[in-house]
Every structure is written in structure tokens, then in C-alpha cells.
Amino acid sequence: MSRQFKAKVISNTRLNDGVFLLVLRPLSETFTPYPGQFYMIGQSGATLKDPLLKRPFSCMDYKDGLLYLLIKVRGKLTAILRDYTAGNVLELIGPLGNGFPAVGSNERLIVAAGGIGIASVLMLMKAYPQAVLFYGVRSDSDLFVDILPKRAEVYITSDDGTVGLKGSVLQMLKQYLSSATDDVKLYACGPHTMTEQLCRMFSERGRRCRVSSETSMDVLPKIDAYVSIEERMACGVATCLGCTVDTVNGYRLVCKDGPVFNVNDVILPQT
Amino acid sequence: MSRQFKAKVISNTRLNDGVFLLVLRPLSETFTPYPGQFYMIGQSGATLKDPLLKRPFSCMDYKDGLLYLLIKVRGKLTAILRDYTAGNVLELIGPLGNGFPAVGSNERLIVAAGGIGIASVLMLMKAYPQAVLFYGVRSDSDLFVDILPKRAEVYITSDDGTVGLKGSVLQMLKQYLSSATDDVKLYACGPHTMTEQLCRMFSERGRRCRVSSETSMDVLPKIDAYVSIEERMACGVATCLGCTVDTVNGYRLVCKDGPVFNVNDVILPQT
Amino acid sequence: MNLEVSIAGLRLKNPVMTASGTFGYGLEYAELLDLSDLGAIIVKGLSVKPAKGNPPPRIWETPCGMLNSIGLQNIGITAFVQDKLPLLRQYDTLIIVNFFGDTIDDFVQGAGMLSDASGIHALELNVSCPNKQAGWSAFGTNPAILAEVVGQVRKVTTLPLIVKLSPNVTDIVEMARVAAGAGADALSLINTLTGMAIDIETKQPRLSNVVGGLSGPAIKPVAVRMLWQVHRALPSIPLIGMGGIMTAEDAIEFLLAGASAVAIGTANFVDPQTALKVIHGIEQYLVRKHVDDVNGLVGGVIC
Amino acid sequence: MNLEVSIAGLRLKNPVMTASGTFGYGLEYAELLDLSDLGAIIVKGLSVKPAKGNPPPRIWETPCGMLNSIGLQNIGITAFVQDKLPLLRQYDTLIIVNFFGDTIDDFVQGAGMLSDASGIHALELNVSCPNKQAGWSAFGTNPAILAEVVGQVRKVTTLPLIVKLSPNVTDIVEMARVAAGAGADALSLINTLTGMAIDIETKQPRLSNVVGGLSGPAIKPVAVRMLWQVHRALPSIPLIGMGGIMTAEDAIEFLLAGASAVAIGTANFVDPQTALKVIHGIEQYLVRKHVDDVNGLVGGVIC
């Protein structure tokens, strides 16, 4: 059993213009991934060198020995993967990273996903069927509900109002939480701006600094919040030291110490 | 009408382990190629940069607006093209180069092809149905007779004797010519070693230097011999000055002054 | 929207040129594109006497790049002025002539001959070819010799003088400073990095000249860095950026790093339309970014 | 068949190492491959005190290459010797420690500390990181300062001393000669070329440190060229070749150019098995070419 393996494409389904669902069958025995973990993925065969490095993708699901990836076209590799068809072979390293920490029995799990971030929280939703999901998308066509567990409690927002409530998923989440009473464990994954806002809203510091601010959450019971952070990666296994994130404990590596971090730990870059 | 155009793959037929027949439909109006001309061919879409440069391929045939290429896998680009299927799009520049000069009415056309060199002489065979073809291959599986004009007079040799006569195509050609009486125009295309030997056999200098040698052809009537020369190319249109071949008239460019050269002109590198 | 840029007193209708040695004498591509659309054409390096160049093989593709050891083969200044220039002049674009010599006297003589011809808009002094005989590279790598050759050439020509720098140096800023101090009106950078490849089957170098110049996307990060360093140190000298430009995005990187114009090299081989596509892409970028003058991009990197 | 090579008094079971900064402290890859199969492991650059490195973003992919500006983040020599070395020593491979300092005294102190530890087989002196503060690059680009740092370090260690050269110089042969003259037992080349990339959407550099080191296949032609130049000029000093090696074919190119051993860098990220595949591929090549000793390839290029 090795963390480095090849996998064959079983199917590739275009979900919208830019997003596709890739189902892979590992060609050798692999480790079972935890929710929040990821794989480094690259083309097979080292003869072509552009793109060169593997790229990180969350494990969206793992069942019956098949690996499910939800991928959005962003650049070189994702554009190539979009055109992959059954039979193409990929190289993977993983599962990697720490994933989401376990939810305590006395805690209520709330999940927030923005856009393609849904890929990284689905396994969690399946592991905790009572979890509530806040799912924000840009528009109707970016919403992928078919992949969600059937019985899940889901609140949807969209930027343009074409589906669910129009507006920010975090605003809706805040409203929901303002009426919550029990301890909450919050897991979130989404674009950089969402992660950032979330850290501001839910970190101790955030709360201290912004008691009066609109986005702070100073009225609530205990909220233990975690975010999945994206950073450029070369190795995925803590050897290149490329995927640094600044934390209250100094620089940490997204690939090894993350990708999931407690919002209290993360120091976001000033912009 | 432009010499630069895109073309769509209509079909790709694997002829043996390493050779495939690619049929392309140009997506815009193009010039009609002459026998012996070639195209610079590359992947479409400049986002991927490995392989970077276009590669030269002979026009094997051109009919009903379709372009036929016979390609042997050698390295990066040819390996990619092998996996192309109907619908893939390529970028081409061509037809380029000078092609084979016309055959005089009082001349007999004899064509010699070695291996994949058959690709560059097929149009010629079709233009001159009386031509005689000497076709040497390594082995049975390298012989592509289906693509040849039905009525052609063909003499076949193979290195291993699995098809035709066992031995060198040039030996057979020499034997044939030793009984020839009329003026002969000889066109040849094949691997470097064959081209070289051919130049030695049929050039004036070759004949002068090697009157007594086994490979010389000092007994014959007039033989006007031409070979198609391969050299690495970057541009195909005489701007990079990369595809130099040494001739009695100084350095010449394979892409512009060739690829077809009179054997009397070529100065082969000493090896 | 304004695409016009000025460099060394020249006004280019747009900031996109074709780099020397990758666009022949220009005319070879006239069938495939309208040369009048280009900001300028920099022709293949010329010398006083025609030059034969190096024996084949002369090119080899490397990962995302290519090595060449053409060795400055050219038809000579006289033939260029007689046979090519009159045809080139018919296009509405600027003609920049890249030239070189084997000795300082050669450089001076060449500059003089080119200055006497009519229809040449600027000279690009090539001191940075990695394919010449041993010792020649000193023109581009030894500051004192560089100063000497630029200074001597400066004396014999009133044409705008562009000096093309070699990247094969420890300190590109020093070389830029020397060239500017000796009279260069603008600088081109970069020429090729010296490289080598070996055929492990024959154990012979892939190029008969053993070493050659590495160009193409592979070298772009080095080119952008050098351009930025020179612009930061010498903001007042106009720079022509080149090295691996394949797309408008690449070209914009150079502009942001401090180039007033760019030149397309190896990409011409891959797609002769590259320069036109780059011009178009720059235009679209300006529209998208609500910038109405391309000069507004120059040196705009935030750091 | 013999794969064993000797460098600077070290005997490597095969000529394939992993390059500093691309293989962590070795242990990170122990799960994916048997470290005992490697000729040697060169660990991430260490300094006397732990170093934080540069702020993110630190990496950016370029055509057939990557830029990094890690900035020599490391846990410090003391922590390495205490926590990592005892584990690493359990593998049957040689441990080469790459190290650096901010001042010559730092270099000397680091060399001393490493020489006192047991289980380190050689030191690799890093004077060639493009990600340090301004001025630091002088260690790798100024011959006098290079001589000084190598000479001082030489005095305090009896371990084999490998000096890793920077490619960002005009004359690599001169730097090699200086390092050898000052006491280097072997030379590693090349480190990364200094490069830069700009995000045209934000107009910010892709790396927070602005410039970074370019590695990967893109730089291979430059690396092979420099290695060949140094080997030709100084045939008696053993060379460790690196820069863009992805396959056995690439490694063999370096051996033919004059390397006694090679190191795999960026390719480890792409495929952690690369070093093992390269060892195997070299073996197959030797069989195919009927060569029974890998040392028979070294410097075998015909030119």
C-alpha cells in the first residue's frame, strides 16, 4: 500500500462550463481518505513537462474503491483534465494533509462551502448526517446539489439570486447562528475572500477587535471554527516548504499542518 | 487563402506499432501541394509549450480537399499525434519547400523509398503512373502497400526477408539499373543512411571517386538523381536558418532550397 | 486608446516588434501577415561581409525552449541594403537592423554602412551571441570592452542606437549602465542564455557548435527578472523586452516589469501570427483594465 | 556492473543523490521509497539558528520549470542534529548536509557544529541562493568573497567539502577554479537561476520576495553547458551535476558532460520515485551500451 499510485479515469462528467466530476479507480491499493484530505495529481508519464508540477485537489468522495474529484478549470492542468476520458491514467500522491478534526458528541456541526469548496466538505457531510450545510454559489449553474447526501439540511445562497437566497452565504450563516444556543463546530471551505471573512468573523481576535462591527459574532455561544486554506504547492508532502501560511505559532505548511486550520491560528495577509 | 491554417482530424488509423495514417480536413482554403512538399505541424493552442516547435511532415497525399499524412512515432510530438482522434485540431504551415522537379518526357522515373520515406513519394507515384518503385522496409509489418496506386510497378526488399527480397533496396535498384538503357530520373526518400549511400552511388563525384567500388554506378546511362533530405527545422520558412545542408554551392536550407536536392549538389557530413 | 510608444526617438505604432534572427529579413513572413501591422521589425544580425554561420545541426528543442547555433549566418550589409531594404521599406513599419562585427573596427564599419543607407530607422548592436568563436563573448560580458564598442559605434552613427545585452553575466545592471553611459539610446534584453545538450546515443553534442543559445518560454523568468532589475536601476533608459514571449499576457509581464516595448522571438516559429495576436491581446487587456494608454503599463509592477 | 562512484573521498553506491531543498530532511519521503537505495541524500540548507524563510507566496510554476523563494527556511543545525540525524543515520546511504550563513563567521560556526556531529558524511556549502537579502549573493558571485568563505570553512572541517556554485555568473569556470583553489573537494552545479514572474491581474510579483530561483527542465541546457565548461577546464575536481534532471537520459547527459554524480531536484516533487527510476535507467543504459562501469561515462561527450 503506497500513498503514491496511478489511477484510471472511469468517467468524466461535465457539470457546467468550467466544472467536471472525475471518477478514478486507483490501480493499486491505497489508503482511505479522511474528510478534508487532498491528493496531489498530475499527468502520467514524465515525458511532457508542461504543466510540470502536480496540483492539489480535495477528495470529494471515496466509495466502493473509487475516488471522486470535483474540479474547476483554472489553468493548465485543469484544462487538460477536463478533456480526459475513460481510460486515461493519472498519477496521484495521497491522501495528504490533516483533514477536519473530529466533531465532539456535544457539538453541532455546521458546514459552509463556497463554490467549488463544496468538494472538500462533502465527505464530512456524509460522515455527520445531522450537519447543516450553508452553500453559496455565484449563480444557479454553479450549484451542484445532486452530489449532496439526500437528507441533508442545506441552505443555499447565490450572488445573483438565480437560486436560493440572494446574497452572501456568510450573512445567512451569521443570521442562523444568532439564534443558535448549543456549541457549534464550524467547518468551511471556499474562495480566498470567503475564508478571510470567515476568519475575521469567527476568530477570537476577530471577535475581540470587532465587538461593534457588523461582521463580528460576539453574541454567540462557543463556536469552534475551521477553514480549509489554499496555497500553491509543489510537493504536497512537506519537502518543498512552498505552501506556507502564517499562524500565531509561526509559519505552518498547508500540506502538512493543514489544509484545515483553526481560525484562531491563521494570520491572514494584509491586503 | 493562406499557407497557415488549422485542420481537423478526420481519422487516425494505426498501421503498425509506430506508424499511423492521419487524415486532415483543412478548416480554411489552402494551396494544393506538389509531390515532395511538406507541412510544419504543431498542436493547436499555444497554452502548452512542450513540445514547443512545429515539426515537418511530408504531404503523403492530397485529394478531395483532404490531407493525408503518414507518420512514424519518434519523440514528443509524434507520440501525441498518435493518440489524436477525429475532431482534434492541429495547426499547419504549408505546403512548403520545392518538391521534386518535373520529369522530362524522354526520361524514365524511378522512385526509391526506405521505410517511412514512402510518405514523401506517394504523390509522385500517382502523378507518374509509369514510375517504378523500389521500396525497402525493415520488416513485413513496416510495409504499407494498401496506400500505393493499384497498378504501380513495385519492387520490395526487407532487411529480415519477411517480405519481398531480403537485402538492401539500393542493391536491388542497382541491379535493375545495370540493365537499364534509357535516361533515368531517380527520386529517393528514406533514412539518413540510405540517402547517404544513394548520394555516394549516384553523384558524379561518387561515380568518379568510386569507379571500382562495389557501390558505384559507373556503367550506366544518364541518371539524374534527387534525394529528399531531413534536417531539424524550427520555422520551415527560411527565417530561423536552422535547417542547413552543405552543398557544392555553399550552405542551403532544406526548408526553402529543398527538401529535394540533386545528389550532385549535396555534400554529406563525414562520419 | 493609445498603443503608440516612443523609444530612443522612434515612434512605434504599437509596442510589439519581432526579434532579430527569428523573423528573417521580414519579407519571408510577408505572405502570412501584413508587416505594416508590426510596431517594428528587427532583422537578422548583419555583418560587413556575408557570413556562412556554423555547420549543421544548428538547432535542438529543449523543454519549453530551443537551442540554436546559427552562428550569425547572413547575407552581408551590402546585399541587405540592395536587395532587401527596398522591399522592406514599402511596409509601414519601422526597420531596425541588428548588426555585429568580429572586431571593433568591423562593428564601426558596419554601423557606418548602415547609417548611409536610407530607410533604416535604428540600429541594434549585437554584442551577445553565444555562437561565435571563443573570445567574441567579451563584447557582451566585459564591461570595458562593451563600453569601447558602444562608444566607437556611437561616434559613427546618428541613428538611434539600441544595445542588445547578454544575459550571461553576473550583473546585468552594470552592463546596462555601461552601455547607456557609452551612448546607447535604448537597450534590448535579453539575448539567449548559453546552453548545451548531448545526444546520449551518439555521445555527441546536439549542436555541431557544441554550445548554443537557449530561447523560448523556458527563459522568460530570467528575462523578466533582468528587465525589472535594469528598469529599477536605470528608469530613464527605454528597454525593449524579450525572452520567451508567446502571448499577450507574457508581453504585459515585460511591460509591467519596465519594458517600453517587447519583441517576439522563438514564438514566430511556433506561430507567425504571434506578434499580431500579442498586439490584439494587449489592446483587450487595456480595455478590460480601463487603461487608455499602453505607456501607462510600463514599469507598473507593484513591489 | 559497477555503479559505485567516489567523490571527494566518499564512496557512493550509485551516482544518484537528491538535491538540497527538494527532499526535505529525507525522512518525509521514507514512506514512499527506500532511502537506502539512494547514492546520497543532500538535506535542506541548514543554518546555525533556525530560519523562518520568506513570506508566502513562495512558489510559482513557469514553463517547464518553477520559481521558489523559500528563503532557506530551516529548523537550525542543532535541531537537525538532535531530531533528524539519528533517524536518517539508520538508512544505508550517505548524508550530505547543505548549509549556509549570513556572514562568514556564521558559515564557519555552522561548519564547525556540523563537523562535531556524527553521521554526516560531507558538507555542501551553499553560496548560491537567490532568495536571500541583497548583498548575500556576493558569496556566490564575487570570486574574492567566495575564496574567503570557502577558505575559512575549509579550516574548520575535515569532512569532505562540496561547494555549490551559482549559475548567475559571467564565468562559471572562474568561480569553480576559485572554489577548488580555496579547498573544495568537489563542486555541485548548478543552483537555481534568478527569475521573476508577474501576475498581470494584480500587477504584483508572483512571489512575495519578488525574485526567486528557477529550477526544473527549463534550466537543463544551461546546467549541462556549465558543467561541461567546468569539467573541461578543471578535469580533476569531481562534479555533482544538477538542474532539470527528470529522467535517466537527462542524468546521463550530465555524466557525459563530466559529472561524477548527479542530484535530482524539482523532479522529486513531480515524482518522488525519480531518483530510483534514474538509477535503474542508468543501469539499463550501461547494459545496452556494454559499459560495465558507470565511471566510464564521466566526461565521455565527444567534441
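Letters A, B, C and D mark the chains in the order given here, with residues in each chain numbered from 1 onward.
FYI, contacts are C-beta pairs under 8 Å (C-beta built on N, C-alpha and C of every residue); 3 or more make two chains touch, one makes a residue touch a chain.
Please read all numbers here as calculations on a predicted model, not as lab measurements.
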{"item": "Most distant chain from chain B by Cα centroid", "value": "A"}
{"item": "Centre-of-Cα separation between chain D and chain C, whole angstrom", "value": "34"}
{"item": "Centroid spacing, where centroids are CA-atom means, of chain B and chain D in whole angstrom", "value": "46"}
{"item": "Chain A and chain D: spacing of chain centres that average the CA atoms, whole Å", "value": "36"}
{"item": "Junction residues of chain D, two or more chains touched", "value": "63-65, 216-217"}
{"item": "Residues of chain A touching at least two other chains", "value": "49-50, 76"}
{"item": "Chain-level touch network, classified as line, ring, star, complete or other", "value": "complete"}
{"item": "Chain B - residues contacting chain C, complex", "value": "2-4, 42, 46, 49-54, 91, 93, 231-235, 237-246, 250-251, 269"}
{"item": "Residue numbers on chain C that touch chain D, as the complex places them", "value": "62-65, 67, 141, 168-171, 193-198, 200, 202-205, 210-211, 214, 216-222, 224-225, 228, 244, 249, 252-253, 256-257, 285, 300-303"}
{"item": "Residue ranges of chain C in contact with chain B within the complex", "value": "21-24, 28-29, 31-32, 44, 52-53, 55-61, 63-66, 68, 70, 73, 216-217, 246-247, 266-274"}
{"item": "Chain B-touching residues of chain D, taken from the complex the two chains share", "value": "63-64"}
{"item": "Residues of chain B that touch chain D when the two form their complex", "value": "49-50"}
